[in-house]
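Have a look at the structure below, then the notes.
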């Protein structure tokens, strides 16, 4: 059976695992105060160009990271703006509201928010004399890549950032699949661009090579004091914090993170080309590791005997959108076998 | 340098790690819906004698587990009773209050609450006609072993349980170091006793052989419906849930959990005997893997050159209590070396 | 200056005030345990046909009532469904999210949700295998009248109720302006219908004759045990609870509530007829005490010299929607004067 | 029957009520944006000596005020320090924890905290290297008068304030009975002292002359921006906000607040003298409107036939502490009658 359901189906990249195994019996202090974590932070800040100003906070998973960061950067009375399709709005069991904050939605344009619509929303909001009776926006949440595999261009990010600065909003980027965005062909954005443009973002490990772990990068370290307390209060502090340090040190040594992310893109592009060549329609034209097609229901049933993948929404009368996901470990042989069934 | 600071300084037990490595490149569905997790649940329920009625929920760390379980079993208006020294009261950054619940404290008797004081508290509480203006207790939290290494006897647990049933309180046992309690010499309590007596408890992995992970055991599965939503809402759901399954499957195969826990006890007893033989005073007489002594400050300074361990409270004028902790991996050689410095 | 901004601009109906004055120096126990409150509860339950089964809980204001009721009836993991235009979604400063619950929105049809869209939403929700990763709906919130002055028909309420029962959702009706709905011409719903159909609803006092106060009616008293604790925890318990009792006793003696509500409708209908006769366009055709017109901007500027009223949204190029609100105290003379300016 | 249970058993002082009645049919804008509220704020700030710097926020009741202020001034990770007997710790149904903050307790010295114990607590806290794993104190809460009727001296308040400034803690004073403290004989503290020393405090109306309402005074207005949003989010915003304005305007015109508070003290002193003269023992020697005696159980039973008052704790074997409370309306005739039964 082939598996294209998601990018968190395997364990860690062999090099990451090798490091975990190699350090397993060492004894270090807990809670991320160890040398591996310090070294991982150093490597990440260098990669981001934030050596002297930034800070890295390691968390365990994506929903946890979103809830902890959003709650930590917002005032109590504030909410977070995102696209209707934003992960925090639809697929996190209300973890953001659980901490007391409303998710404020803008229309989704293939997973993206539009800078002009953002500005227009903010103008209307503050034009209303009764705005204090409503939830004031305090942050903009964007995903890169988005939940449907698309990317923002550099100029789109700059425009969103300009609006955020004008209205004093924190700009937060969810990089659960950051590597798969940065490594894709059309991407004109670098890690340093993101680190320069966003106030806070995270580099996803879980989907890009680690067993678990997300590295939150804060552009200005003074923006998140006492992060350890906040992380612990959210139940997100790992006793053996070095596990995150060891894994991210491996990922940020010799460019491993982007290298293994690129594999997913190569395989995704072969997969897309194969489906298109076989005459199937794209549901979204995604440059990243999630690929969306519209397939006849008969073909879906046939493929499901040999591969796992997700229906993207309810089954249609005759045809249904589907999603296939590649990852850092997907092989050409797997793609060949899948395409052979088309 | 020797390390006796805590029991979460190393990675995983080699057998646990071997299983993680062996399954690393397999692809499984996420969020604990995989076969390894199912198998781990089965093994744990068997060990607990709860095959047909219980349920296991895997979480990542201790504070997270406490906050998630307590919030899930309490009504909004209710609080949780614990000893003043209870970990949730003193060392979890307010994670329980963060979810809206007050921690109600009883006196600590070497880390334990007293069943009679518990009953007396409840009697007084409900005798007060204005009790609805106060926080109603909904749960009793106990630690086994306690934060100072002591244990409840079977009859103490039965007594506490009887009070809980009388007053309709959920009895929750924090087993962060459960193995080190069950494996200790004086312990007259078995895992099955705990599973029979408590409504919910957890079997700690982080401190007893895993990289991370705590297994929450619910005696009556119907007592925690939709736990996945609750866990996710608390930011505690691991994408690669199988990692917890694989690790706990290893721990609950061939009695590994108690076997490796026993090592910590053997070493702790040698350590205690050595200190006592060298004329040092016990601060607490602990039967488990945490050992507490009162040492002259000069001796402390001397030992700190060769070993790490914790001062247990502020440094005294002449002498100060200290804590040494052993774990599943502590060796006789380490104990020998330490005792050699006395 | 005439005032048509809202229905909470004056104090209490003279009869309500007379009762407050008459009882002012009496001494009673606090927190709603007094005889006036008991009597008000009795009168309300009789008016609702819930003498033997129901329960009344008095709160101070609307947002507070919504937050307290919603939080009390939902499980932690659940959210509340409402129309996009629902007051809890747009104008309560995030009070519902503040207590940890997501507001889930359906399209607004002149302020109403559609029973078929509700059912369709629920079907799709539970059809999705990953629904436990999302916020499960636990309640439906409707406003009667809605925020734009419209009403549900009896059959619409019955249909919504049927869906709620099928999916085990609590049906909650926000009756901030309940009197103005029940007293309106087209209304085919009675207070008893609402009490029979809804699980919980509130009878608004603030906008219909009291200084403040909302009476929450719970159909099945066992559905909200320990409400005093919940109310206090939400900061909503009034020390001099009898003030609510005295006021609602007055309102529910000799049908005062509906009688004074009817005045607002009479005046609103005269106001509507006058605007229409003067050739102005209705923005919404409301049968209740809120009336919406589209006026030329010049006319708006002119009227604003003599009367206060609200622009309903941003000022348009040439014309802008406006809202005029009548209440229990609006006089024919006020209407005459206003219409004289058209 | 005589009533000495509490000071919230009657309605409003006649002058306050007269003003409510006199303004009842006026129409004003809502939510405290009216002229009466502005005038009340002006009078209060003048009385406090904070004309140019301070701000007043009106809330409805005491528990609500505590929860809203504490949550607004604390960071998420912080808790509030108070005496074990502090109202927020024991009698507010967990309203502070409900908003996510831990109540940290110090020993109670007749209801007061000790400045030296406060400083010592803070020193120990920050001396612990692991303090970020605990709840960091962000505020000190004191009651004036305390829950047992005692007062802080000016120098005690200055000392507490000095510690707060040193450790960057907000000093918050709960003045539910503030008038009864300021008007008492031994009190060497003025309203201006409190306004100078505390960062935020409230002037209680509910117990001192109003139907309801508490006036929160913020020394530096910039310390609580967007208070309207916070108040609304807490469900504490009154639609007819002018009701608070009208009542407090009356209380702060011609010194009414202190004048009527003084009545309670005069009557309390007569009551105390009478009990003492009759040979009964003081339980606490309170200079304010709450008086505490230890009475033989037989005498209690006898008095309960003619007067209501509170047992202060569980009934003892032979004797039990009791509390009698006077208020702004207590008459000499009532005191005479009560003393006649001794």
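Per-chain numbering from 1; labels A, B, C and D assigned in written order.
Keep in mind that, in the parts below, a contact is a pair of C-beta atoms (placed from the backbone, for glycine too) under 8 Å apart; a residue touches a chain by one contact, two chains touch by 3 or more.
All values reported here derive from a predicted model rather than from experimental measurement.
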Pair sharing more residue contacts (C-beta pairs) when B-C is set against B-D: B-D
Chain whose average C-alpha position is farthest from chain A's own: D
Chain centre separation in whole Å, for chain B relative to chain A (CA means): 33
Whole-Å gap between the CA centroids of chain B and chain C: 50
For chain B paired with chain D, centre-to-centre distance based on mean C-alpha positions, whole Å: 42
Multi-chain contact sites of chain B, meaning residues that touch two or more partners: 76-77, 92-94, 98, 100, 132-133, 229, 232-233
Residues of chain A touching chain D in the complex: 31, 71-72, 75-77, 100, 132-133, 136, 226, 228-230, 232-233
Chain A-facing residues of chain B, complex: 3, 5-6, 8-12, 14, 17, 20-21, 23-30, 60-65, 67-68, 92-95, 98, 206-207, 211-212, 229, 232-240, 243, 329
Of all residues in chain C, those that touch chain A in their complex: 76-77, 79, 90-94, 97-103, 124, 127, 130, 132-135, 314
